[in-house]
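So, here's a batch of structures to check.
First chain A sits with chain B, and in the next complex the same chain sits with chain C.
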Partner chain A sequence: MVTIASADRIAFKPNWWARAGWIALAVYIVYACSLLDFTWTRFMVGLDNGARFIGRMFPPNFSRWEILTKGLAESLEIAVLASALGILVSLPIGLLASRNLMPAWVTWPARMFIALCRSFHPVIVAIVFVKAIGFGALSGIAALTVASIGFIGKLFAEAIEEISLKQVEAVRATGASFMNVITYGVLPQVFGRFIGFGTYQLDSNLRNSTMVGIVGAGGIGGALFAAFQRFDYDFVCAMLLAIIFLIFVGEVIATRVRAIFLERGKVDEE
Partner chain B sequence: MENGAALSIQGLSKEYTRGRPVLHNISLEFAGRGFTAIIGPSGTGKSTLIRCINRLVEPTAGAIVFQGRDLVTLSGRALREVRRQIGMVFQEYNLVERLTVMENLLTGRLGYVAPLKAWLRKFPQSDIDEAFDLLEVVGLSNFANQRADNLSGGQRQRVGIARAVMQHPKLLLADEPTSSLDPKTSVEIMTLIRELGTAKNIPIIVNMHDVELAKRFADRIVGMSGGAVVYDGAPAGLTDGHLKSIYGGEDWLR
Partner chain C sequence: MSTATLEARTWRRFTPAQRLARFAVYLAMVTAIVVSIQNIEVIPEFLLDAPEQMADLFKRMWPIAFAYYPKGVHEALIETLHIATLGTIMAAVMAFPIGLMAANNITPSRTLNAIARLLLVSSRSVNSLVWALLFVAIFGPGALAGTLAIAFRSIGFVGKLVGDAVEEANQGTIEALHAVGAPWLSVLTKGYWPQIQPAFWSVVLFRWDINVRESAVLGLVGGGGIGMALDTAMNLFQWDRVAMVLLAIFAVVIVAEIIVTQIRKRII
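Right after this comes the complex of A and B.
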């Protein structure tokens, strides 16, 4: 039996790099707080203002419901169209980006494209599109489509990279064409997760579609921003309640869609 | 081939990493019918050999002549057309788990169906009728609409065999088809493979490591060791001496 010298019997070796990292983080947090006037006094001053703001929000004012429903409908249209387009483009892009099925010279450009779509927040992309193709819903759809590709394109690719290649090998061995191998060997293995990602993206686009209007890319966001600036806080409150309702309905629909397509119950949450 | 062999392997070598061959210059001829068992220890290249035949693995050197064509030179459509003629049964069944039994069987016809029709499940009625008939033959009549991941190991392998037969193969390959199964089911599966091969009048090549099972079912045994053929002949001619050279050691022979 080999005995270890008592000096070497260290059960838990200290990790000095990790300790230094924690200390640096703590120091930076204190520094950032002092720089940004992030103090309790400042918060209490703000609370006064907040109480007045909330007081003026109630009761919510639904008298301008035409503006509200028009904006809400446009947001819904933007979200659905952007999701549909985004998923449609993400399917081939995700496949091209999957390293287990495609050679490196194909996956690299596909991955670069996805990374590019992911680089900016949807609002920034929306500003770019508003400047490029003008105010309105088209810019919102374009911006959220880009965001969708960036998000689910990557998830699609990762899902495809996790499939069992044995099943693919068996389909390949039957002499099936490339497209048939995809339809029968790959798609069945990832379909459930694709439905999950798709409904999640619709959910996310619903939220984002209420926001791109702030920069003029259509939807209820424009009206919301205008109401804020005119201090019409009761109308703001009405719109916020409507948005909550929209998101809630979207959630219910997404759950139903998953239940229909995934007889095996729950999607594995990411 | 001029000598009438259905499949002729000539000087086949395979290296996954350069300078470390898994298969050394293998030459084998297979007649138009009969059950050949390839036996040998794990890691001796049996799976590689069988996968080189339908080019799931790329050979490094050599020729594989099937129906008068050297498979090693084929690619793209020509390769797929030849693959359709070669059925394959896998050790871990390799069914598409989330498809139904029927869809798995029809996978055997994918080489003949256009992508859009395959997507829409529009297979010719004759294929569907044949699939139902085959399910009866393999004893899974009531399982057509079950998902493959609901089946037991033995049932899955029956589906795997039926899928291969759906191809109307001119050659049936099986890579350790019973290694994941219990002894009773193994015999049932081997019997099924043998019967289907005889009924369709096609040659069968099966990898296995169980010598007794090989002796029981094979007309011909090919023993491999270290990536080379060390025995090729009738099961009756296989002696303890041969087994020693195939598997090494002798304690296990009692």
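Right after this comes the complex of A and C.
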């Protein structure tokens, strides 16, 4: 009994690797802060500015509501059309990218394409489209369509890869054509999840469609950026409140739609 | 008899209410699309011009200005990575108290829970570019504004997870710690922390990956990083440099994704 070494009695042994990790993290934070020139004085000056800034934001100014509603409506239209187009294009591409139905020489290019669409932020894609198609909502639609393909295409492919191949085989055994195998063997298995992805993407597109205007691709973002540059902060506040409200409503609707379509999905999983 | 009743019955997959709800959703979708197409402003001249403009754009982007990388892009790229990393760390630090406040078993007060949830939701519903605009207005243009924008955008994401994970934690160890009279800090660090750790690191890594992408655009509104280089090159119509910047962003995003998947595979 007495021979137990005192170190064995420590309930929680020190984990030196974890401690070294925390120290490395602390060192990194100090190093990065000095590199990016974060200083306390800058922070304090900023807080003063912040107080003045918030003072000027309130009360929000809704007097130019025509600009606001027009911008919001355009953002909404961009989001709807980009989601619709994105889903439409993602369906075949997601199918091509699913490795259980397609040969490798088809899935590779499809996967590369999806990865390419995913890797740029929608605002950067919007810049390229603004140059190509010009200012306006069309560039926004194009940019968000690309973003949607990157996101939904990947999820579609993953969903299709997880299906049960027994049903596909059964449909194929009846002598069904390729399209019939897809519509009766594959789609019914993934439809519920597709709806989920679609509503999620609509939600995400709605958020981004309020931003692509910063680079001139339509929607309320242009007006927001302009108001910021004119120090028109009470109007900025009004627009931000409107955007948050719109996104909130969008989220509620998306949850409702998902509830309607996923009732069966839950039963399936059990 | 029984066969007759079976034949008489029509089998349907959904109840009438379900079918009605589904039909309503389809109708709403089609209406939304049709209304959007009718109202959207499209300038046909621009559209006809698009292929030509696109070809022109790629012609101007080629050859990519690789010589510009050492003097104009490298530093900005490193800054972007620092913004993403520091922003994620800051978010993780700030997400902890708010996440704990949102968890009912740590903070047994419905009002405080609701306040914390509201903070988390508002952090998530404001886009990182808007956060950046706000912080640029407060702290002036630069990496500080960008880092804070990334941090504030990520709090909601990480904090929600911390709150949920704490609420779902297994109460066995917690009770054992309480039974031996451990102070609350020990209960947190030895009871809850080991349980939420895997999910926490996984979500932080995931968020870091997203933040690398997002921090690349913050420079467009003055938030520092590689977006600044992109903005300058675009304003001067130096499309070969724009191509260089885009290539750099692409490479960094891919590398970040590979790093995150590798770490997740090994550790979690």
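Quick note on the criterion: the second predicted complex is superposed on the first by the 230 of 270 C-alpha atoms of A that agree within 3 Å, B and C clash if a C-alpha of one lies under 4 Å from a C-alpha of the other, contacts with A are read in each partner's own complex, and residues count from 1 in each chain.
As a working rule, a residue touches a chain if its C-beta (ideal position, glycine included) is under 8 Å from a C-beta of that chain, and two chains touch if they have at least 3 such contacts.
This structure is a prediction, so every number in the text was calculated from the model and none was measured.
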(Q) Let me test your reading of the model: by the given contact rule, A:183 touches which partner, first (chain B), second (chain C), both or neither? (A) first
Q | chain B versus chain C as contact partner of A:109, first or second or both or neither | A | neither
Q.
Looking at A:192, would you say it contacts chain B, chain C, both, or neither? Reply first, second, both or neither.
A. first
(Q) Just checking: does A:166 make contact with chain B only, chain C only, both, or neither of them? Give me first, second, both or neither. (A) first
Q: Check whether A:175 is in contact with chain B, with chain C, with both or with neither, and answer first, second, both or neither.
A: first
Q | If touched residues of chain A are counted for chain B and for chain C, the larger one | A | C
Q. Just chain B (first), just chain C (second), both, or neither: which does A:92 touch?
A. neither
(Q) Quick one: is A:21 in contact with chain B, with chain C, with both, or with neither? Answer first, second, both or neither. (A) neither
Q) In the superposed view, which residues of chain A touch chain B and also chain C? A) none
Q) Across the complex, what residues on chain B touch chain A? A) 54, 56, 80-86, 88, 90, 92, 94-99, 103, 107-111, 113, 115, 118-119, 160, 163, 167
**Q.** chain C contact footprint on chain A (complex, rising order)
**A.** 12, 25, 28-29, 32-33, 35-38, 42-43, 46, 49-50, 53, 73-74, 76-78, 80-81, 84, 115, 119-121, 123-124, 127-128, 131-134, 136-138, 141, 207-208, 210-211, 214-215, 218, 224-225, 228, 233, 240, 243-244, 247-248, 257, 260-261, 263
Q: Quick one: which bits of chain C touch chain A in the complex? Just the residue numbers, please.
A: 18, 21-22, 25, 29, 32-33, 35-37, 39-43, 46-47, 49-50, 53-54, 57, 79, 82-83, 85-86, 89, 122, 125-127, 129-130, 133-134, 137-140, 142-144, 147, 190, 213-214, 216-217, 220-221, 224, 230, 234, 246, 249-250, 253-254
Q: Going by the contact rule at the top, pick out the chain A residues touching chain B in the complex.
A: 164, 166-167, 169-177, 179-181, 183-185, 188-189, 191-192
